[in-house]
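Order of writing sets the labels: A, B, C, D and E. Residues in every chain begin at 1.
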């Protein structure tokens, strides 16, 4: 999974029928200190996260392993909202 | 999913039989302001999008989760046409 | 899918039994003007393409969605031979 | 699989229900001499590894092929703890 | 598939139970002239290849399409030993 911040939302009225009601969020990968990296992707939210929150994004076929995304054309899903990180860098 | 613009079409008469009738579109990833990035990929259109439109492209096995692409050798599918983005960059 | 040119062939007598008879082609990604990019990958040919031809290559689990490649350890398949491209770059 | 060191842990109380109890570890890819590369990803631990250990991480749908991760939205799993490497570089 | 040289072996006694007996080889991608590229990955050997041999590596869910790797947490499998390449570069 990748660590990312939700930075926005996509509006798309014309879409594959099975995606009706799915929330399409724009997420930007972040560093361990939550500093934003470059790039972004679009993920379906399966956990009710809001813009600005730090989340985990699952990609590939595993993105379909939630009740909301099963059997849908979705390759990235927000499946956890991060409370905090414990990082032990080698020193 | 990635955000992309449809920039063209591929013509291929000799192809895997199951792809008969599938529209093969050339898509180029774009930034959040729709500025084109480098690179491109080829995706099957599942939503009737036209050249020039901003779309979402789903990749991998999830690209087969539409009526049009199920059980076909397709690894990228256009599954939504973007109306607009709401982006809240951290400031 | 990616756009590529077939530039060669791999010979491998010792291989997974299910791959007996599969043609292993070396493909190099190309630009929209067919200029070769760097890098290459090895793909099974499902459409009878020849060296030098411009083709589409499907990757991942979707590469197994042909009669020739089903249930085989194949992660890239040539599934179309390109006749021509229509590209409308933004100007 | 990639070779990586576990450098930390993610805490996430709000997550997809099926992930309850899964340990979300932060792993950083390493070189063959265990020197850390840049970047990191988040993986579920299926083998009881601890922070600081060198492990193998399996990605994609294969990450779901353990008792702990089956049918869950997990795209990276720690599935082995490395004892040692034998490397024969060409000289 | 990618073209690679086997450069070593991983020893891991603590691993997912289904991996018992699987040979974990370190492979480094090579150019068409077999010159080593940077980077490496770990793959299960399904064809009895030895260190130093040039092989093909299949990745993703397709890596599980061998008798040895089916239903196991394996995302890269050595599925062919290369005898030789015929390459016709455009001139």
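Here is the rule we use: contacts are C-beta pairs under 8 Å (C-beta built on N, C-alpha and C of every residue); 3 or more make two chains touch, one makes a residue touch a chain.
As the structure is a prediction and not an experimental result, all values here were calculated from the model.
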| item | value |
| --- | --- |
| Intersection of contact partners for chain C and chain D | E |
| Chains in simultaneous contact with chain D and chain E | none |
| Fitting chain A to chain E on CA atoms, where both chains share a sequence, rotation angle to nearest 5 degrees | 145 |
| Interchain centroid distance [CA atoms averaged], chain B/chain D, Å | 31 |
| Interchain centroid distance [CA atoms averaged], chain A/chain B, Å | 19 |
| Multi-partner residues of chain D (at least 2 other chains) | 60-61, 63 |
| Sequence of touching chains round the ring, chain C onward through chain E | C, E, D, A, B |
| In the complex with chain C, residue positions of chain B that touch it | 5, 7-16, 18-19, 24, 26, 36, 40-43, 51-52, 59-61, 63-64, 71-76 |
| Footprint of chain A on chain B - complex, ascending | 1-3, 32, 46-49, 56, 58-63, 65-66, 77, 79-90 |
